[in-house]
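One structure, as structure tokens, below. Some questions next.
Chains here go by letter, A, B, C and D, matching the order in which they are written, and residues are numbered from 1 within each.
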Amino acid sequence: MITATHYLALSLVMFTLGLIGVMVRRNFITVLMSLELIFNAVNLNLIAFSFRLGDLSGQILAIFVITVAAAEAAIGLGLIIALTRLKDTVILDDANEMRS
Amino acid sequence: MDFLVSHFAEILFYILAALAVLGSVGVITLKNPVNAALSLLGTFFIVAVLFVLQHAEFLAAVQVMVYAGGIMVLFLFVIMLVSVKGLKTQAAFLSPLVPVAIIGAILVGALITSAVLLGVFATGDGGPEALQMVDGAVLGNTEAVGMVLYTKYLVPFEVVSVVLLVAMIGAIVFGRKDRFIEEQEGEVGS
Amino acid sequence: METQYAYLLNLICFVPLVGALFIVFFLDKENSRAIKMTATVVAGLDFVLSLPLWFLYKTDGAEFQFVTKLDWIPSVGVQYFFGVDGFSVLLILLTTLLGLIAVYSSFTAIAHREKEYYVFLLLLQVGMLGVFCSLDFILFYVFWEVMLVPMYFLIGVWGGPRKLYAAIKFFLFTLVGSVLMLIGILALYFYNSDGMAAIGLPGLGNAPTFSIPSLYEIAPQVPPELQFWIFLAFFVGFAIKVPMFPFHTWLPDAHVEAPTAGSVILAGVLLKMGTYGFIRLSLPLLPDATIKAVGWIGWLSIVAIIYGALVAMAQKDMKKLVAYSSVSHMGFITLGMFALNEAGLRGSILQMLNHGISTGALFLLVGLIYERRHNRMISEYGGIAKVMPIYAMFFLVITLSSIGLPTLNGFIGEFLILIGAFAHKWWWALFATSGIVLGAGYMLWMYQRVFFGELSNEKNKGLKDLNLREQWTIIPLIILAFWIGLYPKPFLDRMAPTVDRVMERVATARPEAALPMVVHVSAVDQHEEHDEAATEHGE
Amino acid sequence: MSFYDLIWLVPLFPLAGALINGLVTHQLGLKKSVANIVALIGSGLALIWGWAAVLQWYFTEDHTVSYVVKVFSWISGGDLPLLSGGTAPLEVAASYQVDPTSAVMVCFVTLVGFLIHLYSVGYMHSESDKAYSRYFSYLNLFMFAMLTLVLGSNLLVLFVGWEGVGLCSYLLIGFYYEKEWCASAGMKAFIVNRIGDFGFLLAIFFTFGWFGTLEFSELFAVLSQHHGDALVGAATIIGVLLFIGAIGKSAQIPLFVWLPDAMAGPTPVSALIHAATMVTAGVYMVARCNFFYQLSPNAMLVVAVIGGVTAIFAATIGLTQNDIKKVLAYSTVSQLGYMFLAAGVGAYIAAIFHVVTHAFFKACLFLGSGSVIHACGGEQDMRKMGGLKKYMPKTYWTFLIATIAIAGIPPLAGFVSKDAILAKAFEAGYTDLNGFGGAYYGLWILGLCGAALTAFYMFRLVFMTFDGAFRGGEEAEHHLHESPWTMTLPLQVLAFGSVIGGLLIGFPGILFHKENWNFIEGFMGPMILGAHGHGAAHAGGHAVSFGLEWALVGLSVTVAAAGILVAYRWYKTDPEFSIPNAMAERFPFAYKLLLNKYWVDELYDATIIRGTIGLARFCWEFDARVVDGVVNGTRHVTVGTSFLSGIFDLKVIDGIVNLIGTINQTASRYFRRLQVGFTQGYAMVMVFGAALLLAVFFISF
């Protein structure tokens, strides 16, 4: 019978993969995508507990997480556009000066 | 066959889990960002299904609409913008840091699991059914969520809306071409 | 406790202070005449005030007379306790006389910064008089320290070429001594009141007090070991001041570098502080330790006598020679004192006066010639008697007084000391008398090289003899020298009660520290229980 | 109030004279005549008062006891434990006494003193006014000191006089202080005396230590009772120590070096101090303290031996001296040896008698030599004199009489007293006094040889100076003149004294069975311990038979005559003194030995004087290096530690502070590399940070 542990294990794997993605990939967009992955893992976790505890607040929190993720993605992509306009590159390494 | 039937739920979960993991790995390893985006899209869908399994139907819907529909479209749009400008997108990995990152991630993962394992033993008073009940009448998950959202969690709801607003403004500011940046470039050039 | 005329003592002690303050505030630096006059008047007044002490002191009266006793720090038992006995009266008179002479002998000697000079001279006087008058340990210690500072400045500012080295050496040497003395005082104080828990020594439980007469009472009860340590602390403090043999090296430097008046007072009175301390504090307060210490202190004094005389013989500088000669003379005084019999003690007290007079005069004389020729090397002089006959005559009389020629003061003191030392241990007198022969040797040799022979050195031809003022710095001392030489009875009578009391107190020592001097001890069983009444053996 | 009650006026008059001369006439530079009058009055009054007191005392008081006059109590030293147990109060009074010994001494000291004062008036005339008054003030001061010494009633007052005369001899020898060797002679005299006084002082302490008193009368009483041998040890120690003092003062063997040099002083000084009075103080002291010597045979032997040896030793040196005053000086040392020989054999009265007679003729000789030197313009070398007989008849005759007296030709004073000494010496040997008979015999023989030598060198002196031709230069011969009356009168008085003095004072009654004619023996008898009654030394009757006495007289006269003949033969007949010169070549070493006084001075100089100065220098070096070194050492140590703490402070503490600075710097250099905008790096750091936090959380949980 699938218990919360299974879901937790899955969310853990997804979280770790997302984390690796953020740290390893040089492409800014891919990094954002990995970030989205982490968000999903968190949601999965919340839902698992919400199901297990029979308490809706888990789902409410997941909704909020999704909205924040959306906002975050918007901002991230805005950044990418600004970056590309400035540096014509999307590789994170080149963006290493604070000056514009 | 009865094995399949009796264990249908477990088998379904394992398949979905495997697919989710595969999708995640794809997001990380695929060189071309478009392929990665698609793999991410797949992962979103798998997660939505999992939500359904967990009686979080409203959430699954929201997941599909917001994530898959909204954010993925945004990503693809930006990817297209980037490839139109012909920016170099190869050299995907930071070779020296790969092992460090992996170890780090596993470490964090191990720590979180242990936290979670400890949490597993937490027991709630309600069962899975409670997810659909509103004042004792099983209405459905969405009604239950709406009821709770607009009563108990009204303040956070408002706060989140403000966050969204701020994000929009930010995105607009980044997005449009305004005089400020030209001046910078003009100044730098002189 | 005769307290009649007590105001006199306070007046004597603090008139110079008032004078000094007056000079500081009311006289400006330029008109040196006014400063000199005030200083002389103040010193003169001080001397005149001290004269009645000589007549009013009743030899058969109470032990301490002219007593003023006021509470100063009652919680700790410190009192403003002034009082004198015969011995202090004599020293006070010596101090005021030498102070007066020092002031009016330095009119021409000191040119720069006269104002501070006279102020320091008067402050020094206050310090010295305070030491002789105070009968409270803390008051005694305060004046003991007060005395150092002006002397340090006198040497340090108006001294000769190596004045700073000498001043600092003098100051540090004496300071170390006085600090150790303070430790001794405190040890005694605590033992008297509530004991020293730290070293597990139970106190006597009396009321805490620093007054010396009351500590005299408890002296016999102090255990011998503690007495020994306190004696050692006192000994170092006083031996440096005397100065006794190993601690004497500051004296020649201090004398050579000090200005004339400074070294007159240094030799005349400051050296007496050490011996005064011994007689006033060490002997009566620590009878057992004194008796044990008689042996090695005797040897130290004999070494000082002979060693001082020999080193004096090898000197080329007149002041250094006189300085080492006073080491030898002070050796006599300590020898007489630790012979622990009446003649020895009387001799040492009288010799203190004599040494003050003769060495003080010697330094004045050397100072006078130094003022003329700014040189103290004996080789520079020769045949001075032809040019300065009066000076030569004065110098001769003082030299004879210092080598102890009969009919002069030196002889009386030395004779009493030697016969006292002889009564104690006969070979003590043997060695000490050789000191007299050496003394005659180096003094006359110096006198001959300076005054006799041809007037070879050109610079000496123009020397003019002493004028009236300069003569009157020496004449009072010569008159005193002849007076003590020919008729010492009044002096001896005034110090007799002090000597008897010190002897009584030393005799209270426990039997096992028996008085070694009485040759054949009657068959007193030595090892009976020691706190049984100390039987008076011998007589 | 009789004269002798105010006996203390006798020393006071010269003291007053000295003070007036010293302070008034000298300072104001008054004329010589003032100084003369004051000085002469001073010593004259002493003479008159002294003789009056003595005579009055002689006729009214009992002679056998000394009449003590206490002036004031001088030193009071409280109770003192004695060597003999118990305690005694130390009460020393300034008191004088009149008794036979001091009477005799006072008489001849005042007389000779006054005569020499008179003589000095003429002799010192050439000096400046100031020096003149200074001279007379010192001379009067000497009279005061000598009279105090003689009249003192206890050892301490005697010591005061003792040191007083030492001081005056120092001042008067060094009178011509411009001349370096005069001053050093003065100092030498004083220091040698001081060495003698070292012994004297110890003797005083021992006396008080044993007897608890210093008064002669009390000591005499205590010692006359004690017959047991308990006190022999004490008496010996005190006797020997006292004798050390006497050696220093009366220039005996080890400490005689200062007397020949003392001739540097003016001649009247030599006459008064170094012939008549001061040098005899030692003899007087031994005679005064005879009770010590009577009790201890060893002390007496020591005195006798040193006296005898000095007599012969000084006589031998006198043979070769060419300076007229040096000859007289050595003759004085020799005569003093005789006096101590007499004291050593127990004949204290003979010693004092010889002192008196010696004072007369030796003073006459010195004053004579003074007028000779005065005439020859300060020349003292006999080889440059000669034939003065013609120019100075009075001086010549008085000089000749005195020489005959000293040579020991009867009936003059010299013979009487010297013969008495030799007789007593022989008798001591004969009666085996205290068991040292052999030693006394030897000393008697030495005495005889000495007498011969004395006669020889005295007549050598007379012949060399007064006979033959004048060997001095032409112009010196011109102002050869007889001295004024002030100088010749004292000479004549003294010559007269040396003629009749002997018989008058100590007539050798023994030779004529008339003991009581010997005035001095009777007069001073009671003063000598055991003179009557137990006296071991010489019992009532004479051990020596009558015939033997005359034989002794004959022997000593023949010996003296032999000496004179040899001198006559060698010096009178041939003016070139060929024989003595020949003798000198034959025995060059002996001649040089005697001429240079056995090199005693050089010996002392090399050993004692250089030794003490060397030791003194060593002590000074030691003092400067070691004792001061220790002090400076502590200074360096403290300076060193402060220096170290300075360095420590600089290096360690500052070091730490700087270290922290450098750490930051280097650390920042590394960290900077982390902060390069490498976003992924930041992410990684965040992950590590989070991991770390969680780990900590779990561990603590």
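Observations, loosely collected:
In the analysis below, contacts are C-beta pairs under 8 Å (C-beta built on N, C-alpha and C of every residue); 3 or more make two chains touch, one makes a residue touch a chain.
Given the structure is predicted, the values throughout are model-derived calculations rather than measurements.
Inter-chain contacts peak for the pair A-B, counting C-beta pairs in contact. Per-chain Cα centroids separate subunit A from subunit B by 6 Å. Note: centroid distance subunit B to subunit D, computed from Cα atoms, is 133 Å. The distance from the centre of subunit A to the centre of subunit D, with each centre set as the mean of the Cα atoms, comes to 127 Å. Averaging Cα coordinates per chain places subunit A and subunit C 99 Å apart.
Shared interface positions of subunit B, defined as residues touching 2 or more other chains, are 94, 97, 100-101, 104-105, 108, 112. Counting partners per residue, subunit C has no residue that reaches two or more other chains. Shared contact sites, meaning residues of subunit D that touch two or more other chains, fall at 680, 684, 687. Contacting chain pairs (ordered by label): A-B, A-D, B-D, C-D. Here subunit B touches subunit A in the complex through residues 9-10, 13, 17, 20-21, 24-25, 27-28, 33, 36-37, 40, 43-44, 47, 50-51, 53-56, 58-59, 62-63, 66-67, 70-71, 74-75, 78-79, 81-82, 85, 87-89, 91-94, 97-98, 100-102, 104-106, 108-109, 112-113, 116-117, 119-120, 122-131, 141, 144-145, 148-149, 152-153, 156-157, 160, 163-164, 166-168, 170-175, 177, 181, 184, 188, going by the rule given at the top.
Of all residues in subunit D, those touching subunit A in their complex are 676-680, 683-684, 687. Those residues of subunit A that touch subunit B in the shared complex are 1-2, 4-10, 12-21, 23-27, 29-30, 32-34, 36-37, 40, 43-45, 47-57, 59-60, 62-64, 66-75, 77-82, 84-86, 88-91, 93, 100.
Those residues of subunit D lying in contact with subunit B across their complex are 680-681, 684, 687-688, 690-691, 694-695, 698.
Across the complex, subunit D meets subunit C through its residues 26-27, 72-83, 85-87, 90, 130, 156, 159-160, 163-164, 167, 170, 174, 177-178, 180, 182-184, 186-187, 190-191, 194-195, 197-198, 201-202, 204-206, 208-209, 612-613, 615-617, 619-620, 623, 627-628, 630-631, 635.
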